[in-house]
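In what follows, subunit A forms one complex with subunit B and a second complex with subunit C.
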Partner chain A sequence: MSAAGSSNPEYVNARVRARRGALYSDEEYRKLVRMGPAEIARFMEESEYETEINALGARYSGVDLIEYALNRNLAKQFDDILDWADGRLYDLIARYLRKFDAWNVKTVLRGLYSDLDRQAIEDDLIRAGEFDERLVNRLLEAGSIEEAVDLLDRTMFGDALAEAYEDYEDTGVLVPLENAVDRAFYENLLDGLVVDEATQQYREFLRAEIDFRNARNALRLARSGAEIDPSEYYIEGGKLFRAAELSTLAQNADELVSRIRESSYGDDLSAAIDELERADSLIRFERALEAALLEYSDTLGYVFPLSVTPIISYILAKEREVENIRAIARGREAGLDADEIEDELVIL
Partner chain B sequence: MAEDVKPTRKNLMEIEDRIELSERGHDTLEQKRDGLIMEFMDILDQAQDVRAGLNEDYERAQRTINMARAMEGDVAVRGAAAALKEHPEITTQSKNIMGVVVPQIESSRVKKSLDQRGYGLLGTSARIDEAAEAYEQLLESIILAAEVETAMKKMLEEIETTKRRVNALEFKVLPDLYDNKEYIEQKLEEQEREEIFRLKKIKAKKEEEEKEQEEAEKAAAKEPETVVADD
Partner chain C sequence: MLEIATEFANVVAQSQGAGGPAIDAQAAAALAVGLAAFGAGYAERGIGAAAVGAVAEDEDLFVRGLILTVLPETLVILALVVVFLVG
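So, the complex of A and B:
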């Protein structure tokens, strides 16, 4: 409910365990990959997503209905978790869920940048973060990017956005603002995190997420050939790279790959690295990184059953479920066959 | 047609001039048509390659955008697209191929580097990069195809026009001119023959008259002189 008060992991874990049981099983995924978009929506209506499908059914249809229903359900589930949590537990969960605040800020900025109307921006928001309804509504009513940046002054994105706004004014592109928002989120993940036995693994997970993000970005930069300083995109907090190293490694993709192979993630990512070297596909590497993170998060759930870790594990599993259903629906819409879709899914 | 022409020597000379000009024009147009066909065949080969490339690029672009929408979500893909500021621009110039003016399309800001696409790097994935790259490539192919296919259509139109002109000269204008020439020549010959005949007739008549006069004079000379008595 708030960061005040004492932590209540027992209560939240009990509630989350029930929610975890409602996630789709492998068997259900196997059914879903053989359905068309309309059948998937019908299947979802008979499960956890009933309220969202019924609420949005009049406005959207087909895969859009599925995607918006998934996003709304995800927001509701995570909002519930933040409502249940108190004290330190709330802070630990909110750290990760602020990624949706970052998403919403970027969505509003992009909407304002491309002159979209309020409804179009609002439809794309995922209200799963910490921002309250009032702030989100004020952001939606902002008439300009400058006004939106001012409104975010008191949030964790405030300083970074104010600093990046000058760059935005100089260049006229959203890149500095978007990067500032994402950087603020990632750097806030580990900022002031008190580490004890129970949160040790959580910290390792967050570090891995930062390391993987740094590795992905460095590889993207190395491949794009764009004249960008990789250290500008470096996120502090990981253990795999330092800013100065990343600048050098981004010049040489082979060296970067061998560095990842030799790191502590080497074993977990060996399949991904092989794929990257063999197929020269960054996408497959990214998917392998996601699978490695999910596998790691799954182990989080069993080590300290009454800490934040099972909750984070559920959050990641829920995110993955949403991504998988969306992938199935969009894949079916695009005419991909069941095997191709199954190949793209990340399921534990 | 031929009956409409006055069979005069002046017209005959004019028609002979026109025949000479039309034959020269026919030869030139035939050469132009053959030249255009050769140029067209070259452009056709190029257009076929470009079209095949365009289809491949389209398939690839559709596939990457479908995958990006599937894996990242439609909202994320639309969001990344909304961040674009520098839209591609095209400028058109023209060039001349054997008298046919065809467009030359120059594009700018189609292919962009990672930092020019407008979306942040930290919050997006390689799938969006790949979709953006595939669409940039598709756009370049479309622009090239537009240039080559417009040139091809213009060449084809010009070939058709030239072919129609060659055919008109070969099967209509020249045969008509030859008919007219023949008609005038025949008429003129006929007139000449008539003239000769007429002259012969006049000559014969004149000779007859002269002969009659001569005979009359002779007869007058044979009659005895009559003396008239004085009172």
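So, the complex of A and C:
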């Protein structure tokens, strides 16, 4: 687990491909949507999630058990990947997985803000990022938001958080801090990325991720009609929008949609855009965005088999699996029928 | 500088005048085997890493991994033929 030495894509790829084969298939999803939470937990116990279900089974039950087991397994899988990778490969993977550091920081801040106890916050963490156990534990023990911000001083979130903390003190809402975390993550995503033939694809993928995030934010703002300046949420590095454009586009959803249609993502997303225009459903559109990203990363894995892309494609597939199972479990709990749940899933 | 150049040219001319190539045939064959082994080793580096990864995930793949790992050894075996041809 280090950024030193030469990279070892052969080793990591062989292991990741084996793990990828163990992900749930269409067939298994079809079975899962017809199960209740207890049955899903048992089904998981008989597959990859055995350790986690057994470890958490005594403390939780039902949907909570499934959710925490999913999170824990996700964290374990991604930690493994970081563990195996060396050299440049490590750097490339860590770029994307720092997303979970951002998630953890936000979870801790929210927990502190709403005075949750330590256990409740800890359960919601996904320890998959780069932060080591010690830092996470110290964050959990922090008594106030100020203390937590101080602890993060040396991480990549440090500067942004310190700046946003003043805002937080003025306004008393968490939004500036959360924004700062997100932007720090996205700004680091492309920062100092060495681009050669193999990583060029990866950069395209990261850009797509940023573009989709911008598009999603803009659409949500346009929908909510809130008087917020979209450029505050704008993330640098994408190629679809500029900050100034986004402000005007966010006021006009139709223009925004046609902009996406005309862009280089238009072909991949045309089905999603049609859906958005016809059914006016933002959720469907977001699902389609995720499916498009997954499909894109999937093809990347075949173009450069010995690079970072097959690994990223596995990471995305695993994330989707976790989200799918969670959607199934929550859906069953809420009493949705199988067809409705299937609409919520992102399956290729 | 120029003097050294002419001197050098003389040496080269002389050694050529002596007749034979710089190294004899057996040494060249040995070099060929060595280079082939070097290539095989480089090929095995990647395959071996991948094979160990696969075996770590699934023990049943051990035999298959082993076979794939030593496949590039054929390069060395083919290069050995040169030794017998020359020697």
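Rule of thumb we're sticking to: the second predicted complex is superposed on the first by the 348 of 348 C-alpha atoms of A that agree within 3 Å, B and C clash if a C-alpha of one lies under 4 Å from a C-alpha of the other, contacts with A are read in each partner's own complex, and residues count from 1 in each chain.
One rule holds for everything that comes next: a contact is a pair of C-beta atoms (placed from the backbone, for glycine too) under 8 Å apart; a residue touches a chain by one contact, two chains touch by 3 or more.
What you are looking at is a predicted structure, and each value in this text was computed from that prediction instead of being measured.
Asker: Who does A:Asn71 touch here: subunit B (first), subunit C (second), both, or neither?
Answerer: In the superposition, A:Asn71 contacts subunit B only.
Asker: Does subunit B (first) or subunit C (second) touch A:Ala14, or do both, or does neither?
Answerer: Touch partner of A:Ala14: subunit C, not subunit B.
Asker: Going by the contact rule set out at the top, does A:Arg110 touch subunit B (first), subunit C (second), both, or neither?
Answerer: Once the two structures are laid over each other on A, A:Arg110 reaches subunit B alone.
Asker: Per the contact definition in the header, classify A:Pro310: touching subunit B only (first), subunit C only (second), both, or neither.
Answerer: After superposing on A, A:Pro310 lies clear of both subunit B and subunit C.
Asker: Regarding the shared-chain residue A:Arg183, is it in contact with subunit B (first), subunit C (second), both, or neither?
Answerer: first
Asker: Which chain, subunit B or subunit C, is in touch with more residues of subunit A?
Answerer: B
Asker: Would you mind listing the overlap between the subunit B footprint and the subunit C footprint on subunit A?
Answerer: none
Asker: For subunit B, which residues are in contact with subunit A within the complex?
Answerer: Counting only subunit B, the residues touching subunit A are 62-63, 66-67, 69-71, 73-75, 78-79, 82-83, 85-86, 113-116, 118-123, 125-127, 129-130.
Asker: Which of the residues in subunit C come into contact with subunit A in the complex?
Answerer: That would be residues 46-47, 49-54, 56-58 of subunit C.
Asker: Would you pull the subunit A residues touching subunit B in the complex into a rising list?
Answerer: 63-64, 67, 71, 102-103, 106-107, 110-111, 113-114, 116, 124, 172-175, 177-179, 181-183, 186, 213, 216-217, 219-221, 224-228, 233, 235, 282-283, 285-287, 323, 326-327, 329-331, 333-334, 336, 344
Asker: Tell me, which parts of subunit A touch subunit C in their complex?
Answerer: The contact residues of subunit A facing subunit C are 8, 10-15, 18-19, 84, 306.
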